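Here subunit A shows up in two complexes: once beside subunit B, once beside subunit C.
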Partner chain A sequence: MIFEASQRTPLVELTSTSCLIRGECYPENISEWSDPVLQELENCLSGDEQEFKVEIELYYFNSSSAKFLFDFFEFLEESASGGKAISVDWRYRAEDDTMQEAGEDFEEDMTACSYKLVVVESEEED
Partner chain B sequence: MTIKSKILSVILAGIACLFLANIYSSSQMNTAHKRYSSDESLTAHSSAWFSNLDTQFVSNLLAYDPMDGSEKNASYWDPSLNGFDGSTGPNPLFAAITNKNIEVAEELFGRVFSDAIMEELLTFAIAYDRRGLQLYCESSLYLVGVDPCEESAQPDYFLKFGSFVDSLEDGSVRRVTQINDLSGGKPVSINDTLAFALIDENDAIIGLVVVGRNVIDGLEQFSENFEISTAILMGERALTVHDYYDEERPPELNTLIKAGTDYAAKTGTFSYSFIAEEQGARISSIPFSKDIRGSDLRILIFDDQADLLATLKQEETKAFLAFALVSLVIVGLVFLMTTSSFRRIIDAIHLLERMGQGDLSAASATSGLFSSNNDEVSRLQRTIEDYRSHRLEAESHRVERAKRRDERDRIMFEKMALLADQLEGQAREMLKEEIESMQELVSSGSDEDKERASIEVMSKAFSRMSDEVTTLIDARTHELVAAKDEINSSIRYAAKLQNALLPKTMPGDFNINVEWRPRDLVGGDIYFIKDYPDRVYIAVVDCTGHGVPGAFLSIIARSHLDKAIDVDRYQSAGAYLSQVNELLKETLARSDKKNTSEEGFDGGVCIYYRKERKLEFAGAKSSLFNVDGVDATEISGNRKSVGSTRMSSDFNFTTHEIASPRGAFVMLTDGITDVMSPAEKPIAFGRRRVLKILRESSDKTPASIVDNIMSSVNIYRGGAPFRDDLTLLAFSLIHDEPEPSVVKAVGETT
Partner chain C sequence: MLTNIETKDTVALHTFMQGRRTLFCYSGPLTEDLLTTISNPVRHQLSDKETEEAVAKRVFGVFIEQAQNIIRYSYQKTQVTGDSIGTVAISIAEDGFLIEAVNIVDPEKKDGLEASLIELTVKDQKELRSLYKQRLRDGPPEDSSGAGLGFIEMARRVKKFEFDFIESENGALFVYRAWVS
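Presenting the complex of A and B:
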């Protein structure tokens, strides 16, 4: 299942074993966009697969999207507690301190998932 | 020239050519045939004549030859034998000749020849002595031409008697001898002769004998046998049988002889055969004998070919007539075929011409002689018929279209009349006039004119209606604009109110500079300054949401920031912010039982105690930046939002104490740090850039710090609009200023 990126929402690719989120996230009405995504995530995690790999590479999210991310991670935590091996890669550009800090914030709440901050090579920024 | 005449002329020309070619080839054939038949008749006549001559010679003359003749005769010419009495020699004839005893000799020769002459086996016999003295001469009673024994008769050999005698030394000689009448009374006598010498025991010629036979007899016989007439030509001189019998030559014969001699003169040959068409005869010329030249003596043979020629002529005429008839039939058929085809083509052309003029009535398909369903013209006719039916179909479509157009026009006029009825005064009159003139347009002129007029009318009608619709839309738009204006004006008023809630005066011992910019007219960002005698509260707050909802929340937040102040006691910054959190959570929980939303704020508060010269800071997801000289530092607050559902009411925010505050301090909302670069994968402006600017700014006054940061932010975002409300507040302490108690405005400075 793929949720195409828009100007205000990121690309979301969900399979039964993986989840990729990439882009910016600041929709006018967060729940309108996030509800179907969370619904699909629930479907994907309800399968029998033992492993689930999450990759997140965001460039910006507003404060209401932060709530969506909290809900998202909370859901992952619940699933991980239920026995699924879930790994989360929080990817950020080295020079992007905002996203680095955001990643660090979320890390504090993660216990059951294996959470990693991953620095990616910047393509064009300084 | 029409195509038909061209075709006919070509065919006529072709037939003429064929005719000429036929004539040419048949004439060639004729020539070849004539040449062949000439050769054949030449050979036939020659061999017949020569064999006739030879037969007579062998049977009548050769018998006297001393070598090849009969034994009895041979004995007469042998000097050692006496053939006259059957005793053995000596031969009395030789003796008589030697002794010139002419009477004896004559008597002896007579005994040899007289009987044969009497019996017409020989025409004449002459004997001479060595010198040419005639010893004996006897000729037949029935003579044609000159008598050889007459005084005036002169045989041709007499002219060269010596050489004639010499020629006999080796044996007998056969020759054609012409005997002329020196007196000119009788025609020349032409004879086949045998001459031989009398040779004595000493091998000397003592005399010679010439026996001859007139050939005219043979020629007559030959003519009768072959049903031909003949003439003898001696050089230029012609002799016929008639000449010998003193008869008048028939004129036809003279004409034929003339034709024959003319041919010889013309061609230079003397052995020929040709058909003289005028005379209706074949004329052949052969040498008189095998041993004589044709130019000297020859025979002209006239073979009557009149019947044959007539038959040939008739056949030729028949062939010509047949050819002409066949040609006539062919030309006639072609003429009929082309005429009928072209008549059909012309009919088709007429049909097309009529169609061109708009007459689509059917034409009876004409069929002509030899026409078939699959010939070119029939296909042309069928194609034209197809075309005609297509035209008919198109015509009916056109009629149908015109009908529909009229219907459409009618409806349009109806609607426009309705429209006119709704108008008033002059406009109504004008529209009515317009309708009338348009009606006139669409009902007159050709079909095309009508079509064009109809389209014009339609476009006019549409533009009329669209004018009306535009008017209507304009009215609606006007209403909408009015409504929008109303809303805008409400919001502008709200903005005014929100602006009024912002601090207007600043504490005198503070140098404060603020950039406050809601994304819309109103927003969730506010800043808050409270000046008390012993302390100053400064807060920069970013409430969740923006626009009107953000503004509402900002008012609630502001009231709690106000309410949480406890001026009677020392209040640490952390405690103060915790108090605001508690109050806000309480309020929001009351208003939203389900507590599903994330209302609240991020922000930082500073409290400055004047007496202690102590600055305290507490932050909810916010930092306080300090720049002092070249060093810029960031004091981070807690990573928790005030009022958030994830926040417990009794959370204690950390108090950061700055004992002797120096330099400039900066507080800001994420409207600054979240400004994004315009790249495809943008990066937020971030706090590091803020620190960098603070370090690198040469002028560290609050005003220039705000300016620097704002211009950096504006450059950074490129042309992109702000995504969020933003607030940037910079302040510094003016230590040289008098005590705050001196400041007139104490307490709320809103």
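Presenting the complex of A and C:
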């Protein structure tokens, strides 16, 4: 399933084996946007597939959206504890210390998932 | 509408803003729709200057948190639509940017807010980080009068911040100023 990006919400692409989140996240009302995303994530994780790959590349998120990411990672951890092999790539640009720190904040709580911080090359984007 | 504002006041407003090197200022009813509309121009203003991308992003982040604080917590509302009233501004400061916000505060929340902001001013980066993570796990404080995630997030991103409560005819004004460099 695809949740298209908007000015204040990221693109989310979910399949039974993968999840991609890319863009910016500071919606008017975080739960209005994130509830369907988390619901769909739960559906995708409930399948029989052994592996699940997550790629997150955010350029900015506000403090309300941090709570969504926290819940999102909790879902992944639960599922990984249940036996699914889950890998998470937290992608950030080399000069983006805010997103690097955010990635490190979440890293500490990830034990069952394999979690990696990945530096990406800057590209023209707006 | 007839007003008693004279030309010299208009000029004074211009001169004042220019003198303070204000890039962006909004004062009045603030809504999420309006914030969506002004987000890109504000960002454009920031990237227009010879500013590192990382700094511009921190300024933008602090600006969004301040604007959303006004939208959610300003005690002064428009009469018909109930929109929150406040002021946000971004100005060039000595070695970076000054981001300011002013709004009337709920008298019942003032003391709690003041206490938790004082607590934030004495914490170092490491303590702010662990408080941030704790708040993320626990959710907002029970009485919801304390500093939420937004104030902790801002404290982590800024070089320094100051706040004050000033009595006005409409109630206590909450003044928050943060410097990013």
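FYI, the second predicted complex is superposed on the first by the 123 of 126 C-alpha atoms of A that agree within 3 Å, B and C clash if a C-alpha of one lies under 4 Å from a C-alpha of the other, contacts with A are read in each partner's own complex, and residues count from 1 in each chain.
Methods note: a residue touches a chain if its C-beta (ideal position, glycine included) is under 8 Å from a C-beta of that chain, and two chains touch if they have at least 3 such contacts.
These numbers come from a predicted model, not from an experiment.
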Subunit B and subunit C placed together on subunit A: clash or fit? clash
After superposition on the shared chain, which partner residues are touched by A:F70: those of subunit B (first), subunit C (second), both, or neither? both
With the two complexes superposed on chain A, say which partner A:N62 touches: subunit B (first), subunit C (second), both, or neither.
both
Task: Could you say whether A:T98 touches subunit B, subunit C, both of them, or neither, answering first, second, both or neither?
output: both
A:E28 in the overlay: touching subunit B, subunit C, both, or neither? Say first, second, both or neither.
second
Message: Output check: A:Q7 vs subunit B and subunit C. Expected answer is one of first, second, both, neither. What do you get?
response: second
Among 75-83, 471-479 or 723-731, subunit C is struck only by the subunit B stretch 723-731
On subunit A, the footprints of subunit B and subunit C overlap at residues 26, 59-60, 62-64, 66-67, 70, 95-98, 105, 108
Seen from subunit B, its contact residues with subunit A in the complex are 542, 544-545, 598, 602, 639, 641, 646, 670, 673-674, 676-677, 679, 681-688, 723-724
The residues of subunit A that touch subunit C in their complex are 7-8, 26, 28-29, 59-60, 62-64, 66-67, 70, 95-98, 101, 105, 108-109
Per the touch rule, the subunit A residues reaching subunit B in their complex are 24, 26, 59-60, 62-64, 66-67, 70, 93, 95-99, 105, 108, 122-125
Listed in rising order, the residues of subunit C that touch subunit A in the complex are 32-33, 36, 39-40, 52-54, 57-58, 60-61, 64-65, 68, 129, 132-133, 136-137, 139, 148-150, 152-153, 156-157
